[in-house]
Amino acid sequence: MKILPAEVVTVCYIIAAVLFILALKGLSNPRSARRANLLGAAGAALAVIAFGLGTELRNIGWILGAIAVGSVIAVIAARRVQMTQMPQLVAAFNGVGGGAAALVALVEIAHSDSPWTLGVVAFTVLIGGVSLTGSFVTFGKLQGIVTTRAVTFPGLRVLMVLLVIAALAAGAALVVTADVLWAYLLLAVGLVLGVLLVLPIGGADVPIVISLLNAFTGLAVAASGLVLSNVLLLIAGTLVGASGTILTMAMAKAMGRTVAGIVFGAFRAHVAGTTSSAGSDRPVRTMEADDVAILLDYAQRVVIVPGYGLAVAGAHHAAAELAEILRDQGVDVVFGIHPVAGRMPGHMNVLLAEANVPYDALVEMDEVNPRFKTTDLVLVVGANDVVNPAAKTSPGSPIYGMPILAVADAQQVVFLKRSLNPGFAGIENELFYDPKVSIVLGDAKHTLTKVLSSVKSTA
Amino acid sequence: MKILPAEVVTVCYIIAAVLFILALKGLSNPRSARRANLLGAAGAALAVIAFGLGTELRNIGWILGAIAVGSVIAVIAARRVQMTQMPQLVAAFNGVGGGAAALVALVEIAHSDSPWTLGVVAFTVLIGGVSLTGSFVTFGKLQGIVTTRAVTFPGLRVLMVLLVIAALAAGAALVVTADVLWAYLLLAVGLVLGVLLVLPIGGADVPIVISLLNAFTGLAVAASGLVLSNVLLLIAGTLVGASGTILTMAMAKAMGRTVAGIVFGAFRAHVAGTTSSAGSDRPVRTMEADDVAILLDYAQRVVIVPGYGLAVAGAHHAAAELAEILRDQGVDVVFGIHPVAGRMPGHMNVLLAEANVPYDALVEMDEVNPRFKTTDLVLVVGANDVVNPAAKTSPGSPIYGMPILAVADAQQVVFLKRSLNPGFAGIENELFYDPKVSIVLGDAKHTLTKVLSSVKSTA
Amino acid sequence: MDGFALITITILAVFLGFEVVSKVSSTLHTPLMSEANAIHGIILLGAVMVAGQAEDPLALALSILAVLLATINVVGGFVVTDRMLLMFRSKPRATASAKAKTEAGA
Amino acid sequence: MDGFALITITILAVFLGFEVVSKVSSTLHTPLMSEANAIHGIILLGAVMVAGQAEDPLALALSILAVLLATINVVGGFVVTDRMLLMFRSKPRATASAKAKTEAGA
């Protein structure tokens, strides 16, 4: 329908851009975050509706049908998925967005003539394709469909280089000939590149890759904004590209490595050798769940440090319940959250929030570290690297320089893990052999459930 | 000269805009701030030079001459002025900027035809005029040429309303007739408005007014960017307008009042009555400078709280010297800086930095407040309102709600001031009558010099 | 809009993207990533644009596929972000631990 | 550039102005105000533009006055900001009090 004049539509785009900015801004405060997200959604709706009311559209039935079907799929997926599977869902949504950007650019070639526009189209198709398959391999890794191990094979690098050259050549050919076939070739190269880029990346690095691919999709959307001369797509895509880049770098930095190192697998290869050398002959103190309950009985100030293993074991509800019972008994309990604990940054917080732990009980690293000195007992649940003192003491270690939770300052530390195997970084943890440290072997959820029942029975 | 093509000039403008953004960003860190300022200066130079090389200019001799003369005046003024006179210099620079914007718009009327452009011209001329005279009255107040008292006279409000109506009418006439005479009228109204706006504002509110007028000039420059279709002026002016607004509001908030309240003089009128009721019959403990030296001899942890009076007395060098001597004697001394201490926000820091107090010894309010509990002695040098507990205890007080420095938590507090007169807000300070508080009467610089010589002789 | 306007807008948006995100606490990084993900779903607008002018069946098929994928991105993105943020509401019980936290931070 | 581009640029610059400043500590507010003051001195560019095309003596006089005033603003602004910032260099002596400060903040 052509009800709205073009000027009004443009103004709506600008308003939508402002709403997107406010949405990203609003997320800096948990109190305003939810409303901010609604503002963002309102911006997206406003822009699409304004466009629909401002233009005579063909194929309106098809379009509305696709929107209806897409909405149903999206709402069901978003509502049904478990909180622990959030990362893969975000990856999947990111992938389809990248795919959509690639398709939009592909179709728009028919209306593009200037070499500049064609160049931007080439970029969009390529990056969109990478983002699509990259995100889906990521999804597969997180969902357990694709192996989380770093998959490499001889000649991978050579193949990558050849593909990049092919992409450049196809892009150049597209710009010169404006023939859409080159764009299909480019898309194909992008799809293969996306797979090859993510396959060699190990499971725990995957969150960084999601963030990186998110930034990629942002760039693809910004580029389609240039192709379509649409200021809203340009602003929204650029905002996401920029913020995604910052976020990716922040995540990588928190883990003491570089984005390039992750993507090109250099680090993985280096660690692979040491991963198997787990365990040592030195004695460690082990403990049973009941002993933990007794220690808790005497403790006045407790910090729970959740890690990757807590997420894997799905032990967050048990941990939350334990904290609540202790708090009812007058014990001062908080969760000490390391920025890279969990499957993706802040994921730990989401998990614990789902388990009804109040936001204020989640204490970030910088705030909790001075607290350990006066803490009686630290429960380290499925975490390892984030408390490993090697980050401070061994300059050669792969995690050297990463800030850690200083649990060693506390009176007593208990690890809940299944074995003495190292964590993601594949290095031993000297802390296991510290006299004030004990280990309860077993699945975190299982152990916590036993601790819970002991605590309840003694109370 | 026309050496550079227009595209290159535009790119230079965009680079200059980026440099301005980096300059403002860089100021958030004292280590990068100086380089950031140089980047900003480079941006300004780049833009002007690129324009000069990209356009065939008339009157080139006059232009270069004016730039040369202006530079000499500016450098001399900026280098010669004393640190205590910084605020008025900033005000003066701001005023000439506003005047320049008004003049540019005025001259550009000859090339403006659309009502939209003429409307923007009208805005620029008016705001530029207000900024020009407003800044110079501010300058006069700070320099002591114009009285710092709030000057009002009957009918002021009526006059202001009439002037605003006149401005609107002249603006409308300019838009309709495009006759430059209306612009002159508008400029005249703006100049008078600027004077009338600032005259009724009391001395201590002047810093807020400088910040406000700074934002005004930013808006005028942004508007001239629209008139001249120049993206650099638009971005630079908007950045300054936006950041100046935020800064003004932050300053006003730190003093527990509103920008509107200051500009419309409501607050001043309300306080005027109480200002004279200073002093009370209750006894206070007075002390001599020598006694302060003795107290310092016993103190291990000292906080110095500098205020408006320290700046007026020029006692910052003496305070810095005292802190250094004490530190050499092993005493733990810091300066506790309230955000609105001094003549303008952060001015206290500049003064103390000039007196060679290391940046790290200046501790901001939120950080110093928990420290008072373990502090032996607080020296309050020419400050009053910023330590007045009425801000916490008396809901009716004009400073109620303003955060204060909790000096009462310390073991002992000594005020260095000339009398028992109240500070800027015109309210009594209950703290004077607290048993752990003593007062050394006299000029702050004089007292501190005596304390210094006593401390030196006992050391 | 001319090329320079677009470049300028892009540069400003880049800075804004940097600034806005650098203030978000790491606690909210996952919702943030999800929000950014939802926002780039506005590619739906582009998909509707090309679908609305598609003439041959291939262009129509591709662009309707784009509409479908983009809808999933944008709708799913905002819904899932909302679901995450729903969990960050402070519970009434928060006061006790808030106190504990203040002590720790002091 | 068309009107919408200018509006968009203005809006982005407003947000950027807000964001950039809200991170500056109050300690640096005076240099910040001075820096912003220097930046709006770029009106010099506008003044040179109008002076460079002034034909009648009045326009020339006014625009040359504008060039003079704007030069004072921009040159003086950057020089005086530099002078202020020169004073914020940390002195070597800083370490002792830095320690004291950390204790206070802990």
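Chains: A, B, C and D, in written order; residue numbering restarts at 1 for each.
In the analysis below, a contact is a pair of C-beta atoms (placed from the backbone, for glycine too) under 8 Å apart; a residue touches a chain by one contact, two chains touch by 3 or more.
What you see is a predicted model; the values in this text were computed from it and never measured.
Novice: With centres defined as the mean of C-alpha atoms, identify the chain lying farthest from chain C.
Specialist: Most remote chain from chain C, centroid-wise, comes out as B.
Novice: Go ahead and note the Å separation of the Cα centroids belonging to chain A and chain B.
Specialist: Roughly 44 Å separates the two chain centres.
Novice: Just give me the whole-number Å value for how far the CA centre of chain A lies from that of chain D.
Specialist: So the centroids are 39 Å from each other.
Novice: Taking the mean of the C-alpha atoms as each chain's centre, how many Å separate chain C from chain D?
Specialist: Using C-alpha averages as centres, the distance is 33 Å.
Novice: Multi-chain contacts only, two chains or more: what residues does chain B have there?
Specialist: Each of 21, 25, 231, 235, 370 in chain B touches at least two other chains.
Novice: Touching at least two other chains at once: which residues of chain C meet that condition?
Specialist: Chain C, residues with two or more chain partners: 1, 4-6, 8-9, 12-13, 15-16, 19-20, 23.
Novice: Between which chains is there touch?
Specialist: According to the stated criterion, the contacting chain pairs are A-C, A-D, B-C, B-D, C-D.
Novice: Please output the residues of chain B touching chain C within their complex, sorted ascending.
Specialist: The contact residues of chain B facing chain C are 7, 10-11, 14, 17-18, 21, 25, 231, 235, 370.
Novice: Spell out the residues on chain A that touch chain C in their complex, using ranges where they run on.
Specialist: Going by the criterion above, the answer is residues 16, 20-21, 23-25, 27-28, 30-31, 33-34, 36-38, 40-41, 43-44, 47-48, 51-52, 55, 57-60, 62-63, 65-67, 69-71, 73-75, 77-79, 81, 83, 86-87, 89-90, 93-94, 96-97, 99-101, 103-104, 106-108, 110-111, 116, 210-211, 214, 217-218, 220-222, 224-226, 228-244, 246-247, 250-251, 254, 324, 327, 332-334, 337, 339, 344-347, 349-350, 353-354, 356, 358-364, 367-368, 370-371.
Novice: What residues on chain D touch chain A, complex-wise?
Specialist: By the definition above, chain D touches chain A via 4-5, 7-8, 11-12, 15, 19, 106.
Novice: In the complex, go through chain C and note every residue touching chain A.
Specialist: 1, 3, 6, 9-10, 13-18, 20-55, 59-60, 62-91, 93-94, 96-98, 100-101, 104-105
Novice: Write out the stretch or stretches of chain D touching chain C in their complex.
Specialist: 1-2, 4-6, 8-9, 12-13, 15-16, 19-20, 23
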